[in-house]
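In the two assemblies presented below, chain A is common to both, partnered first by chain B and then by chain C.
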Partner chain A sequence: MHQLLTLGSQLPTAAGPCTIERFLGGGGQGEVYQVSVASQPPSALKWYFPQQATADQRQALQTLIRKGPPGPGFLWPLELIEAPQTPGFGYLMPLREPRFHGIVDLMKRRIEPDFRALTLAGLHLSQAFLALHAKGLCYRDISFGNVFLDPDSGAIAICDNDNVTIDGSDPGGILGTPRFIAPEVVRGEARPGTQTDLFSLAVLLFYLFHIHHPLEGRQEAEIKCFDLPAMTRLYGTDPCFIFDPADDRNRPVPGLHDNAIAHWGIYPEFLREHFTRGFTSGLRDPQARIRESEWRLALARLLDGIHYCGQCGAENFHDPAAGSAGTCWSCGQPLRLPWRLRLADALGGAPSRYPVLLNHDTRLYAHHLDPDRRYDFVTPLAEVNRHPSDPNRWGLKNLGPDKWVITGADGQLRDVEPGRSAGLVSGLRIDFGPLRGVLEG
Partner chain B sequence: MPKRPGSELASRPLHFIWIADCSGSMSVDGKIQSLNTAIREALPHMRAVADENPNAEVLVRAVAFASSAHWHVSQPLRVADFQWTDLQTEGLTAMGEALNLVAQQLRMPPMTDRALPPVLVLISDGQPTDDFAAGLDALMREPWGKKAVRVAIAIGEDADHEPLQRFIGHPELQPLQANNPEALVRHIKWVSTAVLKSASSPASQAAGLPAGLNVPIPTPTAGPSSAADVW
Partner chain C sequence: MSGDCDPLTSDREAAIDAGATARTATAGAHWHMLYASVRGAAHRRNGLPNQDAVRISRTGPGLVLALADGHGSATSFRSQQGARLAVAVALQVAARWPELPTASHHKRRAEDDWPKELVRGWQAVVDARLGRRPFTAAELHPLEPSARQRLERNPRLAWGSTLLSVILTPSSILYLQLGDGDLLVVDDNGQVNRPLPADPRLLGNETTSLCAPEAWREARVYCQTLVAAPPALILAATDGYANAFRDDAGFRQVASDLWVMLRDEGQATVQAQLAGWLNETSAQGSGDDISVGILWREAT
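Up next, the complex of A and B:
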């Protein structure tokens, strides 16, 4: 039931006429169509409802197009489209690939990414919003509807970028989506901006990792009719984190908030501390919110700490602050940690408190081994493998272009050329070139 | 083996109740057929909205009223399972009794003590022939009746707006006027999508809500004018 453009009709673009092929969906602002220009792969075209096709919107789009996408992961406006016979305007953007699913699918458990993909998705989201904010822009409506993820790889796609504005520039416009809006905006004391984006991002990350809202505990349970006044109280005038260590009046209620209870304890202390800080001091003081770079660092560490239960195979998280390996969240059996590689945090630095756990399928990326390429999870430089003739011997294979130098327990130095592997032995020191690491087992 | 613990996001029930006029006058000019068609047309869109909302479990029922009122669909059905059976017309306009029936079901129990605001949609082409005020009073005595999002659709120009307006109970929201089948389809679709969405989980909010509303009701989309009056 679309109404703005006729299927099969054409509109002019810089690359030639584009054909309106398919209606993809409609929202409050306009309608989105699949279009294609000549032999190029199809793109998406958003066309505004007449009342939304304002001069301000047009101006905002032009700014966004001129600035260009902040990074990968954004389905960013590419070109403003107008046509003499068609009222209003629209813009071209990349088409969302079918591998991307909405967060609603994650919430309804229609997709079931593993923890690795989920953590990567969180990391990519933090990275994307860091890049957006670094450009002086703010998103203003981080929520379920605008973010998509690939459950297999953890790649993300951020849509609806036409609401992005220069931080602090827009006196009107949208306030965001309830449940994601920062308390000071709910109370009417502030306008959406970078600081309120940080709150929305923290909510989205909490949802991703708990399938639950961070402020919905006993206070939510006691609300009968969940309407706007109730939401204003819960998310605006009297917000309280469900795991606030200093305030237990809003703890999750068994039977109603089981997801929060089931997830919270399985994450390491450093991640829980981030959520706690974000939803206690960060609830009241926008300056105290967790920055994207902090989320990014914490989620990279979380990723490194994933290991598998030897009994049931479930992914578990290593907690460097815990005295023991603990028990598996899935089968309850005691966990045994695999080999751990402690890399220096920086050139010449001391070994990190947060080891990389070496599972049978672990790969180390430029992120791990090259301080100049932090958060590059694309280029693998090492991977765990088995000895070709003795499957009980594990090694770390050099996938990079440069040789490593290892120091064994006997103090002997050996070279590990590209394509060769270093056998995993406790106490082994590996000089990867830019960084050094030491193996624990 | 599950990859991650827990289950799907906790949701609350959202009761959506059609309250449809089946009086004799609805048989004139194919009005009841249009209403049956409009609700059928709206169902897939309603399902899509429900599907995209993890915070609500949408449950649908229907009351029909003519010389008396009865539950046309008595069990609250998940919108995915809801099927529309055609309404038949006869007799008078027992609108008050219809509201009474709804009031009884909004009492706790049978209502649960935790829910989203119910959505009540009253559709009529005439004026009540019974004690409308008593029915409305009964409804408004129930906390869930008071908290409900109440929307009304007036079919044709003979529809009496006054009781519909009293049902809505908010000066800034007026009954939706449907003077032709296209407008009816549009209004029915609007209540079963936009209003449903607002009651369950409001979408991106623009600044400035009318005072006194407990649910932000979006503005109905403007459609073509009712030039082709059928009724």
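Up next, the complex of A and C:
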């Protein structure tokens, strides 16, 4: 089905000729092929359709290649490719690994990541867009067509980065994907930029957690033809959040919007509040939108609040605003919270409202034990473990390079050296250095 | 959508299986179109009707092909009507397709909205028909209790059908598949490709269906941006056609052979014989209803 390059042909690259091995897919801008260069692992090559291979696009690509990727997760342009006998141009980028699946697959339930992986994916997305925006760039076209996730680990891959531009620099170009465009862009009052990216990010996160669009309720159900006037009304001139507490015109319709109805109540109040703010005041005022760092913090807290139902094993989210542990969303049985670690600034700050729930598989990372450290889910600094000879006793094992100091109920101080564990006992205080924690259970 | 929007009249229903030929210009080429639908050999033996439907029409942005296969099981006792409704709704949706500036716009509309409009449109007319003509005791009597329970949970199951649709726009060709069936594309060199990869969920007699509550999630869409030469031939067929062949290669060869015949002997010759070939294929193969819709263009 490809039309631009011939399989088996070669194009020049800085590392030697690359061979066009396989057609991977086509879009509105061009076609993507798997290519190999000498003995290197295969890469991906995007080649533009003639009408898309413009001087502006070429210059934008050169800028992006020069700037380099903002962080991990971006399948960023690596090298501009041109050839005398082949019209147009293209660029090399890393090949998307097979473990990554489109968010479309999630929407169609072809993949079913657990809540931990979903939350991690949302956190990585927020982190990635924070890094992109910090470089003065904006994506302009966030949608589930260009974000991929590993349903096992929650890792993400962001594609189609050739649409990224310097914020405020773009007088024309791509406007984004209709359902993800900020209302002011739909209305033609603004161009895509960092602020409109924040709206698109919020839509994408809502999709991830609800498998549904935040503005598609009764008003959408009444549309017979999704033509331009209907889309403009729904997403631009009269957008209304389906769970707007002050406006019930656009509530989800049972039978049509069941995903939204089923998921909304599963999440804790603080996450619902973020979505509510993002899609009420944030609809009208770009400055009121939830920032990437706010999403990151909220999703880190959401991750820390995951625990398992003792009856059916389903993942549940602890809601600190609720008076009790509540009931399992899956089986309806009362929940019992596991051990909780409540962290506080070591210099006497108030304990956090958001405890880390200590499940059998919980791991603590750098950002848990030191608020100044980066979010990193690769190297754990602590993990819950079971006593080797007494399966009823649980501990928190020090996996980091620094010792901890614990204070027992008797006031005795003890060191927990790297590789050793502190037994989980209610009231135990653990001094991690910058932060200290108290065990509750 | 209310019952007033029901896209079928008795006249149209009768016309759907008659087959047609026409010629039109879109997607940068002059396209010929032909289609045929035959009652399966096993259906004749068992006194069952043809539960397929197919239609090609000039509409909206250019051309639309729609083809549907009613499930035909005991529970789907109105699926002949379900397939015809699916085709009629697909033509209606294509007729409303807006003019869009680029292939990217068509792609996004196709991926985001097309499946939803088709499924909602079909489900709305099915619901309206159920309201006008509830199930009768004669229809429910032959069913096992478990089948009746399934119908109570989802009455649309009685009309259950697949749907394949292709829309040709000036800048792109849009393919959609919901349920089993085949879409094949032949290029100018006679190479046969599938625009949509095989769906692992369609095993044996299992199929995704328009009657599922959120069926639009099951639809698969591919958008082919037109750059150089468009395909030489596009063929859509209900699964009765491919199932009549021993292997996929044999079935794919049919698409290539049809293109050669159309090119060398002309539209009229092939159209005159198409239904006969399909009857023969059903009798010697699957015994199922077979429907095909073909769009082809002469070499430029």
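By our rule, the second predicted complex is superposed on the first by the 436 of 441 C-alpha atoms of A that agree within 3 Å, B and C clash if a C-alpha of one lies under 4 Å from a C-alpha of the other, contacts with A are read in each partner's own complex, and residues count from 1 in each chain.
Please note the rule applied: a contact is a pair of C-beta atoms (placed from the backbone, for glycine too) under 8 Å apart; a residue touches a chain by one contact, two chains touch by 3 or more.
Note that the coordinates shown come from a computational prediction; the quantities given were computed from them, not determined experimentally.
After superposition onto chain A, the modelled positions of chain B and chain C overlap sterically.
In the superposition on chain A, A:L4 makes contact with chain C only, while chain B stays out of contact range.
Looking at the shared chain after the overlay, A:S330 reaches chain B, while chain C stays out of its contact range. In the superposition on chain A, A:G28 makes contact with both chain B and chain C. Of the two partners chain B and chain C, more residues of chain A are touched by B.
In the superposition on chain A, A:D114 makes contact with chain B only, while chain C stays out of contact range. When the shared chain is aligned, chain B comes close enough to touch A:I266, but chain C does not. In the superposition on chain A, A:T407 makes contact with neither chain B nor chain C. Only one segment of chain C in 27-35, 135-143, 243-251 or 279-287 runs into chain B in the superposed model, and that segment is 27-35.
Common to the chain B and chain C contact sets on chain A are residues 1, 27-28, 49, 104, 107-109, 145, 174, 177-179, 224-228, 258. In the complex of the two chains, the chain A residues touching chain B come out as 1, 27-28, 49, 102, 104, 107-109, 112-115, 118, 141, 143-145, 163, 172-179, 181, 207, 210-212, 216, 221, 223-229, 256-259, 262-263, 266, 312-315, 329-330. Across the interface of their complex, chain A is touched by residues 1-10, 12, 45, 51-55, 113-117, 143-144, 147, 189, 199, 201-207, 209, 213-216, 218, 221 of chain B. Per the touch definition, chain A reaches chain C in the complex via residues 1, 3-4, 26-29, 49-50, 104, 107-109, 145, 174, 177-179, 224-228, 255, 258.
On the side of chain C, the complex with chain A involves touching residues 1, 5, 93, 96, 98, 102-109, 111-113, 116-117, 120-121, 185, 193, 195, 213-214, 217-218, 223-225, 227-229.
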